[in-house]
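Common to both upcoming complexes is chain A, partnered first by chain B, then by chain C.
Right after this comes the complex of A and B.
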């Protein structure tokens, strides 16, 4: 099932792309795939990131992804 | 999301005000009505730093009648690369007073209120209550969660902005009508994981881009024009030169905010592992100097990044960046035959690394309290701090 992943800020920097398409049925499966592809540096960044699934922040990695879902990967920062 | 105007219009504008704001008055969407709303508005800037500078200067120029400033800090030379509300002659002065002087120079008609205190759970509600709108430009996670929760409790909207290196994020949060900050970032990142601008740096002009968006949203909220960023996050990438907006919805699983908490404890300064590792294994820069002078055999390891090492370093220190040790890649470069002394800029990162090297079996490793900054301020005052 095709889902779109969008990387922002530091996540974009380590992934090297801003958008990619994946076949994944759950957030867990998707995270496994992108870590395999982009390596441990992304894995480290992901520990602090918010995942927005179609705009809703989701901490439950078991959540199912519907076909066409958009997952935004957002690292937090607090500078001002 | 289109919202009704946040502020009622003032009774009238003086002739002086009509002259000053004429370029606003001739825009049909702002007009006399919008300008009178700006005149009547009370906006509080939390922080007069990188984001607070453009926010305060533009809102003053725009004619926001009352501007509050929460700021306890003084102007440092390293602020001037981006905090354009302060100037060379302000170094060492109160940031709040320096910001007030700049505002008065831009627009003497503005009433400026200073809150020269550190915002905390005790004072936040009393300070926020006086204002229609809050603009958050602080520099740490603890204050950001405090600002959010206080705004939720008081049913106030706020314009949130955050910057790091080349990246900016801006949104409007208003729990009554849309998401709040916890719907985007429910919990803070692990302590020590996300560097601050002081540790990681920030492109100076990024403040102008992000702060200008915040000021724009403030004007729109006050006057009730246009589509605000409520329910959307604006993400700016200065290197790619892209603006992307992301839809943000309320988290149906989000826990309701019913009171203020201990935000320092919530966000932590360093992780529990690092605190445990550092207990009894922390030395001061004076002790480090004594060890050097006594000719003790040890390896001093600097866990900062190469560009920081270039700016200033402690003599004899070997550079192995934090991530190289935490990932295990350079663990083999640590000496087995003599004690390890770790340091970073201020002692936060070195405490995290200390926990990792202790776990890897280097039981007698220690780290240096205050890092190279303490070294430069106590031992070798000729060295720069950054």
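Right after this comes the complex of A and C.
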């Protein structure tokens, strides 16, 4: 099932891309794939990230992804 | 009510004016300003980037605080883009009947913005190194 991943800020910097398409049925499966692809630096950043799955913020990697889902990778916020 | 994420200079005075209210005995404002050092290192510039939902989250926050008992009005803006030392990154103002409520509401608003607003900060140091703040 095709899902879109969007990287932001520090996650984008280590992934080296803004957006990519993956085939994954859960957030856990997706995280495994992107860590395999982008390596240890992304894995480290992901330990601090939350995810926005179709507009809902979560840290629960068991979340199922529906076909066409959009998953945003959000590093810790640092405004102000 | 002002609640904006903008790529342009911010004016704290504009935010103070926006919360003017005849019932208000207190206006407290805050400016979050780019400083030239962080963690003992010299900083040359900062870049803030926002998630597409940042403006909506800021509006939600402003509405939440404006609905608090005793709060008459709230104005808050965050700047994004490349900022220099001394530039205002966060401007806010709160008006209430009495000063205690205004100090408290303004301080809590700033805390909530830092916690909930999906905005990130890239810091460039004088030695050319850079980092995304709070990102491991």
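Remarks
In this text, the second predicted complex is superposed on the first by the 77 of 80 C-alpha atoms of A that agree within 3 Å, B and C clash if a C-alpha of one lies under 4 Å from a C-alpha of the other, contacts with A are read in each partner's own complex, and residues count from 1 in each chain.
Going forward, a contact is a pair of C-beta atoms (placed from the backbone, for glycine too) under 8 Å apart; a residue touches a chain by one contact, two chains touch by 3 or more.
Treat the numbers as computed from the prediction; the structure is a model and nothing was measured.
More residues of chain A lie in contact with B than with the other chain of the pair chain B and chain C. Shared-chain residue A:79: touches chain B and chain C both. Within the superposed three-chain model, A:59 lies in touch with chain B and out of touch with chain C [touch as defined at top]. By the touch criterion defined above, A:40 reaches chain B but does not reach chain C. In the overlay built on the shared chain, the residue A:8 is in contact with chain B and with chain C. Of the two partner chains, neither chain B nor chain C is touched by A:17. When the two complexes are laid over each other on chain A, chain A has residues 8-10, 44, 47-48, 52, 55, 72, 74-80 in contact with both chain B and chain C. Against chain B, in their complex, chain A makes its touches with residues 6, 8-10, 12, 18, 40-41, 44, 47-48, 50, 52, 54-57, 59-60, 72, 74-80. Chain contact summary for the complex, chain A toward chain C: residues 8-11, 13, 44-45, 47-48, 52, 55, 72, 74-80.
Contacts from chain B toward chain A in the complex involve residues 47, 49-52, 136-141, 144, 161-164, 167, 169, 183-186, 188-190, 193-194, 196-197, 200, 202, 233, 235, 237, 240, 242, 244, 246-254, 323, 326-327. Residues 32, 48-49, 51, 53, 78, 89-90, 110, 113-122, 132-136 of chain C are the ones touching chain A in the complex.
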